[in-house]
Structures are given as structure tokens and as C-alpha cells.
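In the two complexes that follow, chain A is the common piece, with chain B as its partner first and chain C second.
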Partner chain A sequence: MIKRKNMIKRKNMIKRKTWQGGLLYISIMALALLTLLPIVLLVTNSLMSGREIVSRYSMDITVFNVLNTEYIKAGDAPFHFVEMTFLPDYITFYQYFKLFFKSPEYLRLFWNSVILCVPIVVGQCIISVPAAYAFERLQWKYKEHLFFIYIIVMLMPTQVLLVPHYLLAEMVTLPPYLAIILPGIFSPLGIFLLRQQLKGFPHECLEAAQVDGAAHGNILYHIVLPNMKPSVAVLVMITFADYWNIVDQAIVFIKNVFDEPMSIALSKVMQNDTGMFFAMACFYIVPIVVLFMACRDYISQELSFVGVKN
Partner chain B sequence: MNVTIRSRNKKKYREWVLWLLLLPSLMGMLIFYLLPFFLSMYYAMIDNVVSRRFVGLQNFIDTFRNLSFQRALKNTAFFILVGVPLNLICSFIIASLLKKMTKLKGFFGLIFLIPMIIPAGAVVFVWKSIFDVNGILNWVLYSVGLPMKNWLESEWVLGIVIIIFLWKNIGIGMILFWTGLNRIPKTYYEVARVEGGSAMRQFFNITLVYIMPTGFVAALLSIINSFKIFKEVFLLFGNYPSEWVYLLQHYMNNQFLAANAQKLSASAGIISAFIVSVLFFFFRSQRKLSEHFS
Partner chain C sequence: MRIRKGWVLIGIIFLLFVVGCTIYSRTFYQWNLPKVEIMAPRSGTLLLGQYDVRSVSKKEEGSGGFTHSTQILLPLTVNYFYVDDEAEVTLTGIRNSTRKGRVTSITNTKENLVLTIGFHAENFADGESVDVSIMKETIPLSNIMPKSALHEDDKGAYLFVVTKEQGTWGREYVVRRMDATVWASTEQEFSVSSTIEYPVVFASDSKLADGQQVRFYP
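And now, the complex of A and B:
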């Protein structure tokens, strides 16, 4: 009798567990869908014809006082709501065709972003890898104090760092792109990330190599670098994502409309040529998404290192 | 004797190589960050670039008295005080939900990270078509029969900005909390269960206490990231937004447009002083926490 009671109890418990598990999965799934919603919307709507996009998303057609609710409730308001949808009325690749073959001015925006980001990412790697190694191996009393300065600079908001950059660029009249690229190359983020990773690297290994007479350059190139590939990959991704999305610096330094990178030009396209917007936005996020997918295995591991630091 | 000298020389040589490796970064740091920063602090203390008269803290006081600066400060403070705790709570909840899952953990974790890399310019349109006068939100309100609002120009607009902030920043907080949760030894919970601690007590006495250090880091990162929301806000509202979203970054940006080096430097000085004091607070309390635990 007692045994049977126990069995029923256990059965109920299992039932409750699966029920809870189901709820858990459903809620996580819902949250994930909500997170992905804007991106899915971009992708599906990029297959819409330009005319459909304009008719669905034109926002400023009605000059209308919304707060005048009585009028709206009366029913026959000439009120046009945005008709967001995931499925276009008919699917066409014309927007992409137009983007790639008929509108070089838009491709130029993309190119602007590329020549802004790539030098920063490459320079950042070239500077950070040896510097992080040096920081880790150096035996100097005030090393950590120096590193603390790097951390403070790293955590400053862009707007604050922009002031020194702006003053410097004014003083030596740097061209706008260089005024963004040069400080970007020396940003301390990379050194911080790579050093976090190096801290976990077995020091005996490095010391053994040193005892055997290997120079620092050799150790760096043959031992450290091959093992740091994941961190370098994540560094590339983070820096690229940061500067691909450049807004603050660009609106201060770049005065010429044709030199604007995609990040700010896109919002102008959104207003002037709504039909092109979705295709361009998709084209714009492709590089960074590809990069993200390429180093997806390391990302969470690397980012959690940031937390281990302190 | 001879050997020790040689090895000392060798050691010196090696240190020298390390300095050489560090040199480019040090130079860049000095030229592009530190020296111009001191220059800007000098600018903050003179009356104008032509006469260069020393005025002490006058520029800082003027900045604090400036009405638009006060407005910006208020909005930014509100945004950080509401947005950052919300971000921490949401990412903690998602992290603990993910921890309970058995399958597909990594997959979902990755999905929550994606917003972090999506450029602001690409999704701003989506936010706009949701919250605009004739956007989706108003459409829903209209079909339910509730009064509508011009959300992007009402006093609620900071709430919308906070939603965008959460969408973007939950991922990174979640990753931090996730690793933090995984580092709490399971034996603690087992002991608590044996001694009859309820789930509630377990949460408050074990999880919350041991997640504290992670929480600090996550809060710090969240504060830093909260300044980056300017990208979205700028793309949504432009240079001169309504007073409800006028952030410190707008103030700075408008000073850039006016090319007013003194005011610019003074406000940069104020913000950096704020950030440095937050940092010191964090590091001190962190040290206290770690002393407390060991």
C-alpha cells in the first residue's frame, strides 16, 4: 500500500518535472524568437518589391493628431498604420539586383565602411598581440598601475574619448578617416582581452622555452600565437562589430555626405529611399553575422573571461 | 662570476625586448589618448583659445549651471538607474533559465548574443515602425480600443530606449551570469538541501551571495554599455531630440557641432570623473567582497 502511494507520488513528481521543463523550453523559445524578430523581419522584407515596402511602411503620410482619439474612434479615419509582415505579397530579388548593379552610390557607402573598419581591425591585432604578451611577461614594479590606466581608458564612453581625438585632429589637421582610424588602432580593448587569455596560459611552458634560449619574438610567434587564435578571432569580431556600427565618431569627424559610412548613411536611405532600405540593411549585416558565426564556438568562453578578471 | 654577468645581461636584454614589444602601444596610448586628454583638461580651465586666460573651475561650474546640461544629466541618470538594474535582472533570469535546460543550451545562448553585433542602423527602422505614431504599438492599442500616443515624442520615450537597450545588452550579461552560476560548487546546494533549506533560502543565501562578484562585473559592463545607446538614440531622433531623450551624449555632440572646446572639455572632464569614481567604487567593493569570502 505504502509502496504504491510512493509510486504515485513519484509519478506525479515526474509529471510535474516534464511539465515544468516544457514551460521552460517554451518560455526560452519565445524569448529567443522575440530577440530574433527584428532580424528576421529585415531578411524577409528585403525580398519585397520596393512599391510594397513604401505602401506598407510609409510613416509620414498622415499628418494627423493621434491624441485626438475621438476622431479615430469614429471609425472612418484616413489613418494609415504600418502594416508589418513577415511574408511579402510576392517575393522578388529586384531590390538586391538594384543594389548591386544599378546603384553604385550605395555600394560606395558599403566601401566606406570597409575602408574604415579593416585598417582598425588589422592594426588593433598587430599592436595588441605583442603588447599583451609584454604586459604579461614584463617584471616592472608599476606594471599593474600602467595596466589600470589602460583599463580606465577602455571603459570611458566614446563621447569622452572623442574630445581628445577631436582636439588632436584639429591641431594637426588630420583627414577625417585617419582621425577615426588612428585612435581606433591603439584602443586598449584588445590588450585587455588578450591579456585575460594569456593569464590562463601555462607560464612554465613559456619559461621552459626561455631557458632553452628562445627569444621573446620566437616564443610569441611559435608558442603563444598559435594558442591564442580563439582570442584573436573574438577580438577581431568585437572590434569589427564596434566599428562597423560606428556612429559617434563618424558624425563628429565626417562632414562630407559621400564619405559617410553605412552606419549613419543607412538611416538617410531609410527616409529618402525606403524601398531600398531592407536589402541594404541585410547586405550591411552580412559581414558581421558571418564573422560572428565563424567564431561562435569561442565567443561565450572568451566573454566569460572578462568576468573572471576581477 | 662570468656566467652570472652574462645571464644578467641576457635578462636585461630580454626585458628590453619586452619593452620594445610594448612600445608601439604605449606611444599610441600617449599620443592619441593621454596627452590630448591633458590638453583638453587645460582647455577646460582657460576662458578661450585666443586669450588663454586661466579661469580655474569656472567652465565646470558654468557647465553644471547650464539648463540643457542639467536636463541631459537627469535623463542619463534616469536611464542608467532604471536600465542597468533591469538589464541585470533580465539577464540573470535568462541565465538561470538556460542553466536549467538540458539540451540546446549553447544554441539559445548564442541567439541571445546576436543583438550585440547587429549594427544600430539596421534595426532602427524596426523600432521606428513599432513605436511611431502610426506604428504597430498604436495599431494594437487602436484595435483594443485604448487611447494612443505619439510615443516617440512623449515622456515615455526613455522607456522605449530602455527596451532597445535591454534587447541589445541582455546577451552579454547572460553570459557573465551563466559562467558565474556554473562556478558555484554544487555541494553547497546539497548541504543546504540536507539541512532542510527551502528553495527560497537556497537562492538568497547561496546563489545571490556567490553571484555577487559576477554581478559587479556585469553591472560595470552594463553601465559602460549604457553610454553606447547613443547610437540608436541618435539614429532615431537626430541631433536635436525632444527634451525627454536629451542625453549627455547629445549635449557633448552639440558642443562638437558648436566647436566649443572649453565647454566640451569641461563636460568630458565631468563625465570622466564620474566614470573613474564609479570604477574606484567597484574595485574597492570588489576587493572587500573577495576579502570577505577568503
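And now, the complex of A and C:
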């Protein structure tokens, strides 16, 4: 009898758990969908015709939105509300066609961003790995003091460092791109990140290699680097995302509008060529999504191992 | 644990696609630019008009002796001759010699402009025929261009000059409207009063607008 009672109780608990789990699952899914909405909106709206985008999202009164205009009071200029929608009236790929085949100026913006990002990402990987190794494994005077300064610099907001960077670039007459790329390459974030990772690296392996007569270069190249791929992948991802979405430095350093990266130009496209905005925004997010998806395994591993030592 | 090769492939295909699109759209854009022909304005004089007319001479007795004159008829539209302008008078017949003459008076009839040209000739009878050659040039000018370079709209006369400006893909040739005041003009050429520092467009294969990027005829 008692056994039977216990079984019923357990069944009820499982049922309750299942019901609660389902509710939780639905809630999480709903939240996930909610966070996805802007991207869905972006993609579906990029399939609108330019005319529809202008009539829905710009402030202009056109023949296509004049019927939806409002007046605050009689005599005022008419205005219309933004008419957001997920489904276009007509689906067209013309915005993409225009972007890729008829607008070399927009493609130039993409290449501007690539020219800005790739050297920084590559340079930071080249600099950060040996620097982090030197900080962690080599013994030299004032090492910790210098690393402390690195951390201080890392904690400073970008806007604080902009003025010194600008003054320095003016003093040595650096070209605008180089004035952004050089501080980017020597950013302390990468060194900090990789050093933290190296702290968890089994020192016995390195010491064994040293006992076998391996030089630091060999140890770094053959032992440390192959084991730090996830950290480097995270570094690549973070740096790329950071500089792909660059705004502050680009506004300050780049004077010529044709040299601006896509991140800045997007806002201008919204003002000057509203119809192109959504297609361009979709185009803008592709590289970062592809990079993330390619390094997804490394990033998941790195994030799951954070805090686990040895 | 590895980099997902499928996504790397997608990334490479995406990059190659963008490279291809960039090359295509850039070339397409470049090929479809209006083509223009340019020139530098020349210096020199403009020939406003030249007339060779056979006329009859007239001999009159004045205080200083005999004077000869002849009258030539020009269209009423001619407005650039003034009193004291030089003319070349060739005495026809057996003499066949050339003398310098001057415009002594200009009068209008209903249909013509009458220029009276006085000249000196010894022993030249009244009523003999002469060949008069008269021409008028401007003072030396520095900005002479063909008439095809001159455009006109409600705001007045203007030229298109080509400037080199920073464009999307580097330095580009752009046409700029330049308002101009015509100083002197003939049927073929004209001159403007302002200084022109850039090459002037005198022919194009399509209608131009201020700020338009162009390319040159090969």
C-alpha cells in the first residue's frame, strides 16, 4: 500500500516536473524568439521594394503613404507614423541586386571595414600570443607592474584614449587607417585574455619541454599555441566584432567620407538612400555571423572552461 | 573540436562573391559614365568679321586737296565697326595698288549698314571701282573656346569644366558647372571674361550635370 502511494507520488512529481519543464521551455523559446525579432524584421524588410521602405520608414510624404498622414492640428504640416511590418507587400530582391551589381560605392564601404578589421585581428593574434607567453612564463623585472598598467589601459573606455591617440597620430602624421589599426593591434585585451588562459595551462608540460632542451619559441609554437586555439578563436571573434562595429575611432580619425567603414556609413544610408538600408544591414552582419559559426565549437569550449584550472 | 569547414567555405564563397560583385559593378559603373572631350582655352584674337566688297570710288575736292571715298553696304546685324577703323582699299584697273583707308562715317539705311571709307590716291578718277577689304578682330584674349562648350539656361551662360576629385574608389574626374560671362563671340568661338583653371568640356556623348563623374574619349 505504502509502495503504491509512493509510486503515485513519484508519478505526480514527474508529471509536475514535465509540466513545469514544458512551461519553462515555452517561456525560453518565447524569449529567444523575441530577441530574434529584430533580425527577422531586418531580413524580411530587406525583401521590400525601395518604394515601400521609403513610404513606411522615412519621414517623406509620398503618394504611397499620403493616405496615412496625420495632422496634429489644422494647418500643421502632415506627418505619418512608421508602419513597421514583418511581411512586405511584394517580395523583391532588387535591393540586393542594386547593392551587389549597381552600387560600387556601397561595396567600397564593405572593403573599408575589411581593410580596417583584418590587419587588427591578424596583428593582435601575432602580438598577443608571444606577449601573453612572455608575461606568464618568463621571469623579468617589473613584469607584474607592466601587466598592471596593461590592465589599467584595458579598463579605460575607448573614448578616454581617443584624444591621446588623436594627438599622437597628428604629431607623427599617421594616415587615418593606421591611426586606428596600430592601437588596435596592441590592444591589451588579447594579452590579458591569453595570459589568463595560460595560467590554467599545465606547467609540467612546459617544464618537460624545457628539460628536453626546447627553446621558448619552440615551446610556444609546438606546445602552447596548438592548445590555445579556442582562446585565440575567442580573441579573433571579440576583436573582429569590436572593430567591425567600430564607431568612435572611425568618426574621429577618418575625415574622408569615402574611407568610412560600413558601421558609420549605415546611418547615412538610412538618411540618404533609405531603400537600401535593410539589404545593406543584412550584408553587414554576414561576415560576423559566418566567423562566429565557423569558430562556434572553439568558442563554446573556451566559454565552458572559463574558471576551470588544469 | 575543429573549425567548421562548411562555414569557412561559406565565408570564402561570400568573400569571392563580394570581390566579383565589386569588380563587376565598378567596371559596369565605369563603362556607363558619360564620355567627354576636353580642351584648354586658347589665347589669341577673335575674328569678328571680314568683308571683301567691290565698290565705286568718289572724288571730292576739299580744303586740303582731293579726297577719295567709297561706300560699302553691310548687313544691319554687323555692329563691331567704328569710325576710324582701318580698311584696305585696292585700286582696280591698271593701277592695281593697295592703299590704307579708314572708316569716316557709319550710317544706317532701312536694309543696310553703310560704311564710308576714305582713302588717298593720286590721279584717281571719280567713279572708278575699288576693292575694299575690311576686317575686325578683338583685342588679344586669353580664354577662347569653341561655341560647343557654351551652354545656357535660365541662370545664364555656363561652361562645364573637369576637375579631379576624391571619389568612392579614389580620384575621379567630375564635371563642374562654371558660370561665365561671354566677352566676345563669333559663330564658331567665344571668349569669357573669367579665368579658367580647368579643362573645358566641349563635347560629350550625353547630357551632363554638375557633379557628374565622367571619363574621357580614348
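Going forward, the second predicted complex is superposed on the first by the 259 of 310 C-alpha atoms of A that agree within 3 Å, B and C clash if a C-alpha of one lies under 4 Å from a C-alpha of the other, contacts with A are read in each partner's own complex, and residues count from 1 in each chain.
Simple rule for what comes next: a contact is a pair of C-beta atoms (placed from the backbone, for glycine too) under 8 Å apart; a residue touches a chain by one contact, two chains touch by 3 or more.
Everything quoted here is computed from the prediction, not taken from an experiment.
**Student:** Quick check on the superposition: with chain A as the shared anchor, is it clash or fit for chain B versus chain C?
**Tutor:** Overlaying the two complexes on chain A (C-alpha atoms) leaves chain C and chain B fitting together cleanly.
**Student:** So, A:208: does it touch chain B (first), chain C (second), both, or neither?
**Tutor:** Neither partner.
**Student:** Determine, under the contact definition given at the top, whether A:128 touches first (chain B), second (chain C), both, or neither.
**Tutor:** first
**Student:** Looking at the overlay, what does A:153 touch: chain B (first), chain C (second), both, or neither?
**Tutor:** first
**Student:** Of the two partner chains, chain B (first) and chain C (second), which one does A:284 touch, if any: first, second, both, or neither?
**Tutor:** First partner only.
**Student:** According to the stated criteria, A:296 is in contact with first (chain B), second (chain C), both, or neither; which is it?
**Tutor:** In the superposition, A:296 contacts both chain B and chain C.
**Student:** For A:167, select first, second, both or neither according to whether it touches chain B, chain C, the two together, or no partner.
**Tutor:** first
**Student:** With both structures fitted on chain A, tell me whether chain B or chain C touches more of chain A's residues.
**Tutor:** B
**Student:** Using the superposition on chain A described above, determine whether A:118 touches chain B (first), chain C (second), both, or neither.
**Tutor:** Neither: A:118 stays clear of chain B and chain C.
**Student:** Is A:81 in contact with chain B, with chain C, with both, or with neither (first, second, both, neither)?
**Tutor:** After superposition on chain A, A:81 lies in contact with chain B alone.
**Student:** Determine, under the contact definition given at the top, whether A:230 touches first (chain B), second (chain C), both, or neither.
**Tutor:** The second partner, chain C, only.
**Student:** Using only C-alpha atoms, work out how near chain B sits to chain C after the chain A superposition, in angstrom.
**Tutor:** Minimum over all C-alpha pairs of chain B and chain C: 16 Å.
**Student:** Using the superposition described at the top, list the residues of chain A that contact chain B and also contact chain C.
**Tutor:** The overlap between the chain B and chain C interfaces on chain A comprises residues 291, 296.
**Student:** Under the stated contact criterion, what part of chain C meets chain A in this complex?
**Tutor:** Touch list, chain C to chain A: 1-4, 7-8, 10-11, 14, 17-18, 21-22, 24-26, 28-29, 166-169.
**Student:** Which residues, counting only chain B, touch chain A once they are in their complex?
**Tutor:** Going by the criterion above, the answer is residues 14-15, 17-19, 21-22, 24-26, 28-29, 31-37, 39-40, 43, 94, 97-98, 100-102, 106, 108-130, 132-136, 138-139, 142, 145, 147-150, 167, 170, 172, 175-176, 178-180, 213-214, 216-218, 220-221, 224, 227-228, 230-231, 234-235, 248-249, 252-253, 256, 261, 264-265, 268, 271-272, 275-276, 279, 283, 286.
**Student:** Could you please specify the touching residues of chain A with respect to chain C in the complex?
**Tutor:** 100-105, 107-108, 110-111, 229-230, 233, 256, 258, 286-287, 290-291, 293-298, 301
**Student:** Touching chain B in the complex: which residues of chain A?
**Tutor:** It comes out as residues 21, 24-25, 27-29, 31-32, 35-39, 41-42, 57, 59, 62, 64, 66-67, 69, 72-73, 79-82, 84, 127-128, 130-131, 133-135, 137-139, 149-153, 155-168, 182-183, 185-186, 188, 191, 210, 215-217, 220, 237, 241, 244-245, 247-248, 251-252, 262-267, 270, 277, 281-282, 284-285, 288-289, 291-292, 296, 299-300, 303-304, 306-310.
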